[in-house]
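Can you read through this structure? Questions will come right after.
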Amino acid sequence: MQEQKKLNRRDFLRLSGIASAGVLAAACGATAPAEAPAAGGAAAPAAAPAAAVEAPAASGALKEVAREKSLILMFGGQPGQFEDTGLGNPYATGATHQIGSAALWEPLFFYSAYGEGEIPWLATGYEYNEDFTELTISIRDGVEWSDGTPFTAKDVVFTLNMLKDGAPLLSRSQATAAAVASATAVDDLTVQIVMNGPRPRYMFNQLMSKFDTGIYLVPEHIYAGKTPDEIVSFEYYDPEKNWPLSTGPYKIVAWNTTQKFIDRRDDWWAVKTGFMGELPAIERIVIAPRADDSIMTQRIINNEVDSILDLRATTIAATVSQNPAIITHTGRELPYGYMDWWPSSMWFNHDAEHFSDKNVRWAISYAIDRQQLIDVALEGSGMVASLPFPEYPPLLPYYEAAKPLLEKYNTNEYNLDKVAERMTASGYEKDADGFWAKDGSRVLAPFGGWSVFNDIGPIVAEQLRKAGFEADYTTPADHGTRMSDGSYGLWLNGHGGTIRDPFTTLDFYTGKYYAPIGEPTAQSSRYNNPEYDAILEEMATTPSDQPKYMDLFLSALEIWLDDLVDAPIQQWMHRIPMNTTYWSDWPTADNSYVNGSFWHLTFPLMLHRMKPTQG
Amino acid sequence: MRYSKQYLLRRVGLLLLIIWSAATFNFIIPRITPRNPLREKLLQEASRSGYIPIGFDEMVAAYETKFGLDLPIWRQYINYLGDMARLDLGFSIASYPKTVWQVILEGLPWTIGLLAVTTIIAFALGTLLGALMAWQNSGPFVRYVMPSILIFGAIPAYVIALSLVYFFAFRLKILPTGGGYGISTIPALSIPFILEILKHSILPALALVLARTGGWALGMRGMMVTVEGEDYMTFAEAKGVKDWRLFYKYGVRNALLPQVTGLALALSFVVSGAVLVELVMGYPGLGTKLAQAVTQLDYFVIQGIVFVIILTLAIAMLVIDLLYPLLDPRISYEGG
Amino acid sequence: MQRIIIALRYIRRNVSLAIGLGILIFLILFAVIGSFLVDTKVDPYPLAGPASVAPTLSYCPRTDPECAQVEPVAYPFGTDGQGRDLFAVAVVGTWMTIRIGLLAGMIGLAIGTVLGFTSAYYGGVYDAFIQWTVDVLLTVPGLLILIIIASTIAGLENGKTLTINQMGLVIALLAWMGPTRTIRSQVLSMRERPYVMMARLNGMSSLGIIFREMIPNLLPYLGAGLVGSVTGAIFASMGLAALGLGPLREPTLGVTIYWVINQNAFLRGLWWWAAVPIVIVALIFIMLFLISMGLDEVANPRVRRAR
Amino acid sequence: MSELLLELKNVTKQFKGGTVALDNISFSIDADEPSIIAIAGESGSGKTTLGLMAMGFLTASTGSVLYRGNDLAEMSGSDHKEFRKEVQAVFQDPFAVYNPFYKVDHIMEVPIANFKMASSKKEAREMMEQALISVGLRPEETLGRFPHQLSGGQRQRIALGRALLLRPKLLIADEPVSMVDASLRATILEAMDKLNKEFGITVLYITHDLTTAYHVSDYILILYKGSIMEAGDIESIIRNPQHPYTQLLIGSIPWPDLDRVWGEDIAIIDIEEDTSEESRVGCKFAGRCPHVMDKCKVAPPPLYWPDDNNRVASCYLFDDKPVLPGDDVGTLFRSKKVAVSR
């Protein structure tokens, strides 16, 4: 039923965010854990005030806000219910910024992949020393927490140290623990960070908010003195105390399992200091948990809701066609969405029988008719991917450079003859049922996926069967485990990672992630090639603007392609319907200031930009 | 006093036995599979985060210690029984630091509201229908046309719900497609809010009533037929008792007892909810919670919900058993 | 022969049994004749046909401007969003669904019959244990246990989901309590019947008595029990499938409904995708319902008066 | 003395609830001298239990049941089969003994097959027809029918026919006429009599009805609460009852004599049963007996010979009379050959 698909859609979104944390940590050559698991908090369970979160605000306490001044969104949780209700502390296990809370958190910098790039916010600038071992950040003057306490370099330093000390329990802590040797406040407006060696990507990866990545800054005067165990179980939501505090122009006023109300806060520092001329036009943000696609689309079609979680390729067209006020990233035309940073592939377990053979991997790739997937499963709303990273503008030069290699190793080719050729080359023959087998061992190819793959999954399975692989598509609840412990031979998954240069994604395949079957690993290809590792090691400390970087990239890629570490299938699309009945200036292709996922950390950029269309 | 001491002791003993065995069952099921739910969940979360820390196994061990999973199995079992006896269901894995009770209490009011109301409506409707169907003096419409309504009782409620959603929400667009109440509505004890909740519950309620009326009608019909065969009915008829009076005073009243005890039983099932209907309708009840827990492998929540349901059922059955002799003077639990 | 005629005559009077059996025969004929009309190995699976075609008897591809020149293909029930021929899905799915029900129902009934007989026969501690187990298991809502079991054992091997047969077996685990109870009480009362004593006087062995004297008279109860457990099993299999715990590739009716919900058939206006499984499911359940009402009349003649 | 066919030795049967259905009964049957023995008593007297024990359907709590000198409880398979064939029964309900699933033939076909009595189907058929004719039925009107297609009298006669077919030595007829229309009783009793006279089968006629018992039986045994009250020659007992209980029973028979008033002779019937502990150790009838004495409540009276050697009665009114040697009342039912030891 729906919830599974949805769960996984959300999981995948979370994954994309969380993954980058780990990924970016890896980029800095670190191997510390990236995200505390959700069951986290070895903290004493005693403190868990029960009913507090359940009680909705008394009707009198909440002011009425007109519909045309409210932004109503459906996102997050499980169908019909939030699971993070009352967790105002972004580092509490189970908390998420995605359900509107991003409106509260302001970072040192925003980074808009679709807009102007780096946007200084609570900081005014940063500077690395020459060998990328020291980082100096200048903090903006006049920033205040919502209780009036000034936000200073000390809060930043406190947060960094808290993460350093709280690894691996605190989410997003490992990257900082691995990269940062010490952080000090030179004065109220200057942060000095000493790195554990050259870390050219730390500033971008951890201290800039983009997509779902970047650390959350917390107020020292609230968090000081708490142990990591206490932090993961610290709920930090109390409208009486104005908890959680924020630097952004919003505060949470009511929160129950089916609704979250976030109201505008008129004493925002940025207006006082003149950093921003005026408050955002949106007076209230209302978030309801996601529901079945049919329910959500019905509500946006009825103008009850302004935007919702992204839709399937197959439902977005139906949604747009039923209400002329609904637009998408590409207006009201195909493909109705924008490219996510999460291209998906058929992944292989390089230690598993059959799939350790590169001929079998290539045969599987030749067996997949990617165009048919887009045409049938996605009704045309999709894009084929040839490499495991998105075709974002900063990455296009790398795509361009890879063209000759892709001609030699065509990852998008559908060719049953080549399937047979590759399979026979490795000594496989078709058995009585028409399935490939060697020495009496048939190539069993059941593959799993998050249920967001339910549209293409069954069709990929049939394509593989047609080519002689006994395939079956499943969505087990323990998909994550099966990927990480190697019980799968192959599976569908995406790559969150590279945004600006290809290192991060390519680093997924290095031997440091190798673990024998049965032992968990995060990047679970179980690909182990010292030659490849050596190139990646060199890339890690090479800034991407050096010419040598491109050569390293190409030699790594050639190894990757020859071995076909995984088989790229499609670019992922975010197909978000946006209703223009009450609000204009949504982020679109024509008005591209940020990517349109309102659940990302860049949500404030949308809030400051959007204008009412009525009243 | 209609109950002997031995009977009460035996009955309460049985209650404890049932609760104990259900709890034990609950304890064993996750443990007979080769997968450790905690490790599973940690792995899943960790691998989603894109990164399995080097010290992962140490972390799992730390959590196992915390949850007592490193103890020998019998110690775990004793601790577990102790927790259950204190009604301590522990923590949710997926929404830590929430407790399982918090999770359950979030969904429970919705489920109870929906299920209790529909159960009672279905009961009243079905009983009336069944009585009329069995009554020989009912018109042909009642006796031959009404039974076709029973057909709905044969179809799973969620399939009915699906069809209703299609017609009333998608085609006619007169009712909401699902959810508990409007998104931007502020929950309050006000008439409009209550109306909104009612409006949102029409379709799931209708589906449940349609699906469940048939069963009651059948039961009632059977009882009425039996009652009509009794001598006192013939006698009353011969005495010239008026038809409607015969129907109501002699027929329905006597046939009602098993129905009422059935109702008590059905009401005790209210807690277990209607998982599939809730899912199809996006209704924020306990069934939805359970389904979520299943997809998230949140064993502690699954176990908690199952345990609460068993507890409610077992206690309800005890209460029904004890009420029986009060309702029916022919039954007594005195003596051996 | 005489028996058959008597049975036929009886069925004429027992309307619900007659209609129920009629639907059953219709469904069987549909599945059997249908299986000659479709390729059951290909058609009910994705990519068998063009996606999202409304029911038609002469389909021509949208891309083809000259329909007349193309051999028209019939998709009487249309196709779904992933290109399954829904007529084939109906043919294969009906049979698969009934098969799960029969498998689980029969195993459940068999276990229940054996346990019911033995527990009534041997009595004592054994009987008390069986009774207690049944009581406990009946207290726990079945779907819950099934969900737990299915989600824990689903695809332990090779990442496969449950096969049709495995699913039937899992469901059978919970289909035996009802029959155990009924059979036990029936045997207890039947054991004291004079014809059983007569059989002993006739020198019959215990097994002979069970099989030749008791079982034939339990037939209506066994029949009703079978219908009951088949109904329960199909219901459970549909529930599991709807929760996504079924064999996702196999076009059972439950799995088809899962895809209908999962792929938003209603929103996309593909009403026939939903209509096909819903109508068949309704037919199956109505059939079982009518048959069980009919058997109830056979076993319990008092109800007959109501007609 | 020839070997006894069936012998109950000091049999006591106590059911689970504590009810004592038979209390130390000894009773033997010598099939060499076929006779009809009535076992009479009101409901709850233990007469049906006695029958069931004789059929081997119940095992004794204490004491033993012997078939040709072998304990039934320890008998081997082949002996047991022999016993099955030689000890047969007819039951009260002429419908319930037929399995509704089968035609009436079933009840005869099964024993023929099980006891391998016929070598061919034809032979079996002939045997069945013969048996039916013997009990006054026309085979073509009965065979091939289902039980509900025949009348109660027909069904009961088929049951008798079945018993006849097996040529048993002993037939236990448990209330065979009580559920049959009065007009048909005679035919059934006649058939029973015929079994006894023509085929030399001993019949245990279990009944609560002294009239029919008197009509067909040679001997009678009167039970009350599991104990023998009076036993012996039917003429002597019915004409001249000695035991107060027998007198009570006979007194309540509605004789077709307009001058007689029912129950005139009945002195006292103490409806209030004495259920005290001592009543269980003494005479069972003490609680209702008009002649009750103190010693009646101390121990059960032995079987005395009240007058001649035709019968015995268990009552202290005759404690000056001799006592039946041994406990076996069966000895009384053999052509009055028991020497009275005075």
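Brief remarks follow.
The first chain written gets the first letter, and so on, giving A, B, C and D; residue counts start at 1 in each chain.
As a working rule, a contact is a pair of C-beta atoms (placed from the backbone, for glycine too) under 8 Å apart; a residue touches a chain by one contact, two chains touch by 3 or more.
In this text the structure is predicted, and so the values were computed from the model without any measurement.
Counting C-beta pairs in contact, the chain pair with the highest total is A-B.
The mean-CA centres of chain A and chain B are about 39 angstrom from one another, to the nearest whole unit. Centres computed as Cα averages put chain B at a distance of 24 Å from chain C. Centroid to centroid, with C-alpha atoms defining each point, chain B and chain D lie 58 Å apart. Centre to centre, using the average C-alpha position, chain A and chain D are separated by 92 Å.
With touch defined as above, residues shared between interfaces to two or more other chains in chain B number as follows: 35, 165, 170, 276, 279-280, 291, 294-295, 297.
Residue positions of chain D in touch with at least two other chains are not found.
Under the contact definition stated at the top, the residues of chain A that touch 2 or more other chains are 1-2, 4, 292, 294, 298, 477.
A list of each chain pair in contact follows: A-B, A-C, B-C, C-D.
Residues 55, 57, 81, 84-85, 88-89, 91-93, 96-102, 107, 110-111, 114-115 of chain D are the ones touching chain C in the complex. By the touch criterion given at the top, residues 1-2, 4-5, 292-294, 297-298, 312, 314-315, 318-319, 372, 376-377, 379, 444, 446-448, 451, 454-455, 458-459, 461-463, 466, 472-477, 482, 487-489, 491 of chain A touch chain C in their complex.
Interface residues of chain C facing chain D in the complex, by the touch rule stated above, are 193-195, 197-204, 212-213, 216-217, 219. The part of chain A that touches chain B in the complex is made up of residues 1-4, 7, 11, 14-15, 18-23, 25-26, 31-35, 37-43, 45, 47-48, 50-51, 53-54, 56-59, 62, 67, 70, 72, 74, 78-81, 83-85, 92-94, 168, 171, 174, 232-233, 235, 254, 256-259, 261, 286, 288, 291-292, 294-295, 298-299, 304-305, 477-481, 483-485, 496, 520-524. Considering their complex, residues 35, 38, 40-56, 59, 62-63, 66, 91, 93-99, 101-102, 105-107, 165, 169-170, 176-184, 186-190, 276, 279-280, 282-284, 288-289, 291-292, 294-297 of chain B touch chain A.
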